[in-house]
Every structure is written in C-alpha cells, then in structure tokens.
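Before we start, here is the structure in question, set down as structure tokens.
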Amino acid sequence: MSDISQAQIERAIQTTAATVLKNEHYFSDLDGLAGDGDFGTSLATGFRVIQNDWETIDKADIGTMLLKLSMMVSKHVGGSSGPIWGTGFMRAAMVSKGKTSVTLDELAAMLGAAIEGIQARGGAQLGDKTLLDALIPVHETLTRDAAGGAADLGATLKDAADAADTAIDATRGLEARRGRASQVGERSANTPDPGIVAIAVILQDWCTEYGVARTPKAPELTRETA
Amino acid sequence: MSDISQAQIERAIQTTAATVLKNEHYFSDLDGLAGDGDFGTSLATGFRVIQNDWETIDKADIGTMLLKLSMMVSKHVGGSSGPIWGTGFMRAAMVSKGKTSVTLDELAAMLGAAIEGIQARGGAQLGDKTLLDALIPVHETLTRDAAGGAADLGATLKDAADAADTAIDATRGLEARRGRASQVGERSANTPDPGIVAIAVILQDWCTEYGVARTPKAPELTRETA
Amino acid sequence: MKKFVNDPAQFVPEFMKGVALANPDLLDFEPEFQLIKRKDAPNNSRVSVVQGSGSGHEPAHVMAVGPGMLDGACQGAVFAAPPVDACYETIKRLASDAGVLVLVNNYQGDRMAWDTAVELAEAEGIKVKQFHINDDVAVKDSLYTVGRRGVAGNFFVIKAVGAAAAKGASLDELLALAEKVNNNVRTMGVALTSCIPPAKGTTIFELGDDEMEVGVGIHGEPGRRRDKIKPADAITDELFDAVAQDIPFNSGDRIALMINGLGGTPLSELYVLYARAHARAEQAGYKVVRNYVGEYCTSLEMAGASLTILKLDSELEALLAAPAEVAVRIF
Amino acid sequence: MKKFVNDPAQFVPEFMKGVALANPDLLDFEPEFQLIKRKDAPNNSRVSVVQGSGSGHEPAHVMAVGPGMLDGACQGAVFAAPPVDACYETIKRLASDAGVLVLVNNYQGDRMAWDTAVELAEAEGIKVKQFHINDDVAVKDSLYTVGRRGVAGNFFVIKAVGAAAAKGASLDELLALAEKVNNNVRTMGVALTSCIPPAKGTTIFELGDDEMEVGVGIHGEPGRRRDKIKPADAITDELFDAVAQDIPFNSGDRIALMINGLGGTPLSELYVLYARAHARAEQAGYKVVRNYVGEYCTSLEMAGASLTILKLDSELEALLAAPAEVAVRIF
C-alpha cells in the first residue's frame, strides 16, 4: 500500500477542524450528561485557531506541523482536552520529525506514541471510559492493516472508523474511572463518553471526505450524520 | 329604616375576612400589574389574625371592637394597607364609641370619618386611583339613602356595591397619583387598582351574605364570582 | 418554586434569625417586631440611625446594621413596609438623647408607617426626624405623585450618615448630610427576570425569554419600558446615560460608581457591566474614586442589575472611607 | 439567555477587565493568559500562593487574589481548566526565591494542566509545589478514580495558606498546612436549577420545576441523586449530616461553618439555611467559632447552596482571623 503523504494528513486535520466546529454544541451537550458541558467549546476553541491560522502554520514536515498544532492547543485549549490533545499531537510530532510522508506502519507508530503520552499524562487505561477506549482499538486496526490486513487506505480508514464506532456502545454502560465523569460514580454509567464519540465522528467524517462508504452504527453517529 | 345592629356589623367584618382570605392570591396578582404583588398577602395577614382571634376580641360596643381591629392591623399589616386600613378602623371607632347599634346616618358618618382619616394619612384625593375612589362614592350612596333614598338595608347595600363596582371601570384608564402605582407613571394606566377592586369584591360578598340579589359588572368581579 | 424556604409565612423571621445567629456579638434580634439592632445601641452620646422597609432587598436593610452603618432596622413581609407598631418600637428601642434619624426609602407604604410611628414617638417626647431617599431616575419625578423611588443609592446615604453619626454629628447635621448625599446620587436598574415572593409563589410580572424590563423597581414594579435583551454594553450605556444626565454629572466630577446585583445575577456578569460603566465614566471625564460591585439592594432572586453614581466631595470621600461593619462579611 | 453578556467568547476576559479596573492599586491583569496577580507579587521573602481553574465560580478564583489570600490566579474558559501555557506563565510570573505553591482543585483537567506547567517550570529551575483540594463529600471517594472534587472548602485552604505565607512560612510548611486544612474540611451542595454557560447557551442539565440535584458539582456535574425539592430545613439537614459524618466531626469540636451560595440564590435564603445549620451544629455539640454566609465558590447563576464545615484548632483560628483583602469588597 502506498505511503500517506503530508498533504493527506493536512487534509485530515482540516477535516477534523471542520468536524469539531460543526459539532461544538453537540459535543458540549454530550459532556453535560455526566460532565460539565464544555468539551465541544474547548475543542472548538483550539481548532478554530488552527483553522484561522492554517496558512501561517509552519508545515516544513509532518513533525514540525504537528508540533505547531500541539503548541496552539497548549496555548488555547483548556479543560482536560488541552493537555490530552496537546500531548497527543506532541508525541505524534516527535516520531514524525523530518518526514513529509509516512508509511501506515509509521502512522500507527505516531498514534501509538500519542496514546502512550496521553496515558502518561492522565493515567487512564483501556476501559476507563475515556477517548483512549476509541484510540487504542483504532491503533490496533492500523497495526493489523499495516501488517498487510488492508487493501488500501480506504479500507484502513473504514476499519478505524468501525473500531471507534464500536467503542461508543461498548463503553456506554461503564462507569468512568478517569476524568471529571469518574467523579460522579454510577451517574456516569449509561451515558456515552463525549471523547469517544468525538473520535468516532471525526473518523466517520474522514471516511466521507475520502469517499469511503460506511454506515455508522452508534445512535450518536446516526444522529450526527442525520 | 331600622337601625344596624352590632351583630350585623360583626357579621360584615367576618364576611370581609372570609373574602380577603379567599382572594389573597388574586388581589396580589392584581397588585403585580402596576405594583409589587403583596396587596393580597398584606390584607390577608391582618384578617387572618382577626379571624383567628375573633372570639377574644373585646366587643363591648362597636367603637371598642373597631378600635381593637385597628390595633390588630397596626400590629400585623404592613405595606400601605397597614396605615390605610388601620387608620380607617381607628377613625370609624372614634365616632361609634359606646354604641351597640347605629343608624344609617351614623354608619355613613363612620365611613366619612374613615375616609377623612385615610386622606389625612396618605394625602390622596378622589381621582388619584386609590381605594378612596371606591369608598367616597359608597359614602355618597349611604348619605343619600340615609336621607330617605332606600327602602331597606338590602337596597342600601346594593347601591353601595353598585358604586364600588362602577369605580373599577371608571378609574381603570387613569394614571395613579398616590401609592406605589403612582411611581410607575403611565405604566399604571389601563390596570385596575387592587384596592378599589377589593372594596367592590367585599361589598359584592356582603350582598351575597345578606341575600341581596345583584349582578356584578366589572370583569374583575365577574371573574371573581365566577 | 426554586427556593430554600420552609413555611413562606416564616421566611422573613427565619432568615433574620440566621443573621442574628451569625452575628452573636454584634446584633440583637426581636422577632415580635422583626427588628435587628446593634447590641451597643442606643448610645446617648450619638444619634441613632434607623431604617425599616419591606424584606426581599437583602443585604438591605437589616443586614446593613452595624458600627458606622445603621443602629437598627425593622422589616416588613417581603416587599411590604413594616407594620406601624414595628416602626414605632424601632424608634422607641433606639431612642437616644441625641435623637433618632429615620432613613425612609420613598414609598407610600413606608412613609405612612413611619409618619404614624414618628407621631406616636414624638407624643412621648422622643426626638426623631425622618428623611426620604429617592434616587431612582427610571420614572420621571412629578409633583402630583409620591415622587421617585428609593433604591440602591440608599447604601450611600446609610454609609455617609452612619459614619458621621459615629463621629458625633448632631441630628440636624445628619439630616443635612442625608439630603446632600441624596441630592448627589442617582440610580437606574434593569431586570432580566421577575422574582417570586415566597408568599405569592408566582412571579410578579412576566418577561419573555428574550425580554428585559428597563428601569424596573426593586419590588418588580414596571420601569420605563419592556425591550428585547441587548448586549451587556448597550444595556450599561442606557443605564449610564439615564443616570449621568439626570443630575447632571460633569466632566471633572469625582464619583463613586456602583454596579448593584438584583439577586440572581452572578458576580462575573456584574463585573462585565462594571468594565463598561468604568470606561464610560472615564470617557465622560469623571474620576472614579471609589467603586462598588456586588449586591447592595436586591429584589429576591431577580436577575438584573442597577447602576448608581454618587458625586463626591472631600467630606463624602472621607465618610465613605471610614471604617464600618455589617452583618454580611467576607472573612 | 437571561445574562449580561456581549460576545460569549469574550465573557471571561471582559469580567476580568472589570475586576482589574475596580482594583487599580491592588491588581495587574494579563489578558493573554487570563491572569490576575497582586501588583506587589512576587516577593522573594515569601512563598507565592497561586491558583488557576475554570471560570464561572466567581469570586473564586481570580477574585480571591489579594494580601493574605492568593498572589495570583489564571482562569480558563467557563468550567474549563486554564490552558497549559496560562498555568506555566502564572508560575513563571509569580516565581519567588521562597517558592511557589499551586493550590489545585481536584479535577483531572486542572491537574493535567498544572502537572505539565509544573514540569516545564521545574525544568527552568523554579521552586514549585502543588496541592490538590478535594472537600466534596457528595460522591464517595475511590482509589480507581480521580477522587473527590474540590469545591467551596477551597476558600479555607486559600485563607489559611495565604495568611501563613504572609507571615513568611516556608513552602514545605505551607504544603503541610494546606494538607491539614484539606483534611479537616468537608462540603456538600445542592442545586435547584442548572446554570447556562454563556458559550453553551443552554443548561448543562435539566431539572423539573419541583426537582433538585443533591450533591451537585460546581460545574453542574451530577451529584448523589435527583429528588423532589424539600423544605429548607430538610435540605440543610441532609447536607449537614453528609458533611458532619464524613470526617467525622465530634462533639466539642470548634468549627467554622459556611453556607455558600451557588450564584442565583439570594442572601435571605442562605441565612434561612444558616439558621438551621447553626442549630444543628449546636445540637451536635460543635462550637461555631466563625461563620461564613455568602458567595465563595459559585456555579454561574445556578440556584443552590453548599454547606461546609472546617474543624479548627488555635493555629487555624488565628489564620482565619488574620487580615486579608480581595478584589470583591463591601465597602
């Protein structure tokens, strides 16, 4: 399978910004169920800056670009999302320094590094009902597909979106064990985690953007794309 | 026409108490239109005490009884209603001292004294859109009937109720010139004055209590009796 | 009703009891007359400054009792002037050889109650005078009515008079001082919601989701007009202009600027209003010497605010800066 | 939205500007990092005490900056911990030879931001320590989660630590003191309404007209349960029992008792709650040495209140009684 170009990654980031801004209020409403209703606004604040300053961002290579994104997040994004997404971009940047294209293997390594960084920062494990419950399965599909599982990038994208989508319903019943939601005990059960939903929505929109046909499963996605 | 006994006056006062308590929220709502929404509660506070302590009130004669009522009002009723109704009872008491029955002439004199006292206390004149705009016409009917206008007390009651009823619509369009409502300028126009309505409602209920047939005119009364 | 209340009829005595329990060394509470007074008042070497008014405006009026402020205050039910007896007993208990000054907010109910009480007290040889506070510019004054309402400017009259009384000013001097403050202070407010008096159990007036009442009274009385809610700066500008043009204030004036919350509006929003009001004052050439942002004269849980400007001179500046203590504290 | 707001995105910087304009001699404001600091800080002869948290809890946290309290505080958007950069710059600007103590309310967002900022600051050789405040008893603590939330008890940690820092206590002594206060303070709150974050424009949760959220978080997070609104005394009893049984407090304890308003509840109602809480404390044999009734840690315009008890000893009593000054004032 052919490498993933920096242009494709840039397009994915711009798509993500559009998705986050479009869903600002929806993500905040989801965060209101067991949290404090600011998730959408916090993310949107950061991606609005990224979108507005897009042209001026140093894109010498993938790593440089991701480092700049990490700095923008650290400057503008508050709440848990700031440190989490800022750390994620930062760690991904460190393993893509100097590269202007990456193999699927290298992309998986970037996500793996981001996951490790987020875990180190916030102490969450798989099953704690945080966005890691979406990112970790997605990382597995990337590694599997890199090992020859997928025909092309489209198929890989679909596998990733499937994994994130599945995570929504798989974690819905759990009590959160990290993040603000973990401080409300059983009141967090039977509400979807907004971070997991956000990852799934973003990947679904990536599929659409790259012309990959896929029917979403979780109600949060069908509502969203509806 | 036969004299009015103390028993009849006591019955009128008890009827008044029942009317005021029954209309507490309605009177307060009317007061909310151009005022502060406490008229019903203020009056009810006083008449609730009068009702509860009724047996223990010294009723040696009409004057003594009215003086006691005046003192109860001064102790328990706040807002403008306290000084107004307290002064009214007090002045009526002074001209009925020692009496256990009064002629219609004397009853008119009692109301006249109450009106003078209220005017002295609050400085309101006819047309200032206060309960005096009901009491003064009522006083006129009493004097007229006392001078041979009415066949019996029932007819007199009806004349009095008519006068108060008429005052509601006659003053509705005016801007208040005394009381809290006078401090809202034209915003007090086209709202009924709660004090005037209260007098009319009380007289209407006296008619009912004494078996005098009468069809109320003003919407505030028809609503009320509805 | 989204309120912390037991029996609505007991709401006022219950919160007054709380005020007394929270200030055991400072205050005495007499439930029979809903009266709170300084433990150390009256003091025959100085004039007693008292007030009495309807409840629902906390910290006005009973929570404004303390050294350098009021010597005592009685309360009526929510929004109802106190009964005549309560006013009379307040004067009586705080009667001082130096006299008693009653600061009355200009409402007919309060005036009639205090007029009666003062007549009774004078008949007993008590030296007592009254002053009517009327700083609300919302409704144009008129000779034919009761005149303007007394609202948040009340705080400045109490603060100045209380400080002067503590320094031993005479009854006539205090009366003149009250008039001076009242002549130099103006206020206008705006409501975003109506409050709900506990005993009434329903709102006093109905506002649409996007409506505000400009010039509202602190009892929910109508003001100048109903309007659509505007951005905070536009609202502040309207309040500022109405107040500033009334006296009028002039460039070079030294002023005290107050943004008073009506009860349901959080501090953060009050400071948004203050930022604009302060900027407008500077543009107008006023020097903001003192500022007050918080709740001074409220209307239960009404969402809204009022803006007050007081023109200062060296005498008033010193009196406002003088130490004072009231039932409500931060530390 | 019944709020005084211009552009919701500018709500926080605008009210911070108001705070700065109202305290020109006391405070500096840096809009870029939504940071407010004492003009006279840092001072190398004493530890700087700082905080940083989401907005919407005013007067916490930026309005708690002043002599004897915080040296500085940065704010995030409403209910959002400050960005990492703001936390880092706060430490940097208040770096003192004696060190910097960061008082962090125990939320994951705040902790992650400060952890990152502290790492960066330490890498630059700045002496800095953190302490996590977690006084909310609403949700049972658990090893497997982030632990209890930090709410109104925050005030007591700031007051005690601020007073000790002013007296020149060392960084380690202040850390120990913060832990002592935190170990002896407990809080629980109740909401009668949800608030509306300006940027969200809608409520965080939906409550029926007759419902309350018992144990609510100061960001509108769920608490122990949804229930029908009960009489004020019954609500106070539930808060009191939950708090009193947690440490537990014992007969003979000397305590500070706080009734904190969540933003939309008027003072009068808070004193109704205080009256009951004080009576319950006396029944339990506690001696109420100090009391606090008002707004200390709010949730925008949420109608509701929290009850806090702090167990005192002579050291804490002296520190609470020490003079202090903050941006919000009465006089």
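In this document, chain identifiers A, B, C and D correspond to the written order of the chains, with residue numbering beginning at 1 in each.
Here, a contact is a pair of C-beta atoms (placed from the backbone, for glycine too) under 8 Å apart; a residue touches a chain by one contact, two chains touch by 3 or more.
Being a predicted model, the structure only gives us computed values, none of them experimental.
*Asks:* Can you list every chain that touches chain B and also touches chain D?
*Replies:* C
*Asks:* If you average the CA atoms of chain C and of chain D, how far apart do the two points sit, in angstrom?
*Replies:* Chain centres of chain C and chain D, defined by C-alpha means, are spaced 30 Å apart.
*Asks:* Go ahead and note the Å separation of the Cα centroids belonging to chain B and chain C.
*Replies:* 32
*Asks:* Distance from the CA centroid of chain A to that of chain B, rounded to the nearest Å?
*Replies:* 74
*Asks:* Which of line, ring, star, complete and other names the graph you get from chains that touch?
*Replies:* line
*Asks:* Return all touching chain pairs.
*Replies:* Between chains, contact exists in these pairs: A-D, B-C, C-D.
*Asks:* Which bits of chain A are touching chain D when the two form their complex?
*Replies:* The touching residues are 25, 28-29, 32-38, 41-42, 45, 73-84, 86-87, 121-122, 176-185, 187-188.
*Asks:* Per the contact definition, I'd like the list of chain D residues that touch chain C in the complex.
*Replies:* Within the complex, chain D touches chain C at residues 1-6, 11-12, 14-19, 21-22, 55-56, 58-59, 63, 159, 192-193, 209, 229, 231-233, 235, 263-275, 278-279, 291-295, 298, 300-301, 303, 305, 320, 324, 326, 328-331.
*Asks:* Across the complex, what residues on chain C touch chain B?
*Replies:* That would be residues 54, 76-86, 107-109, 112-113, 115-116, 139-140, 142, 144-149, 197, 199-205, 217, 219-223 of chain C.
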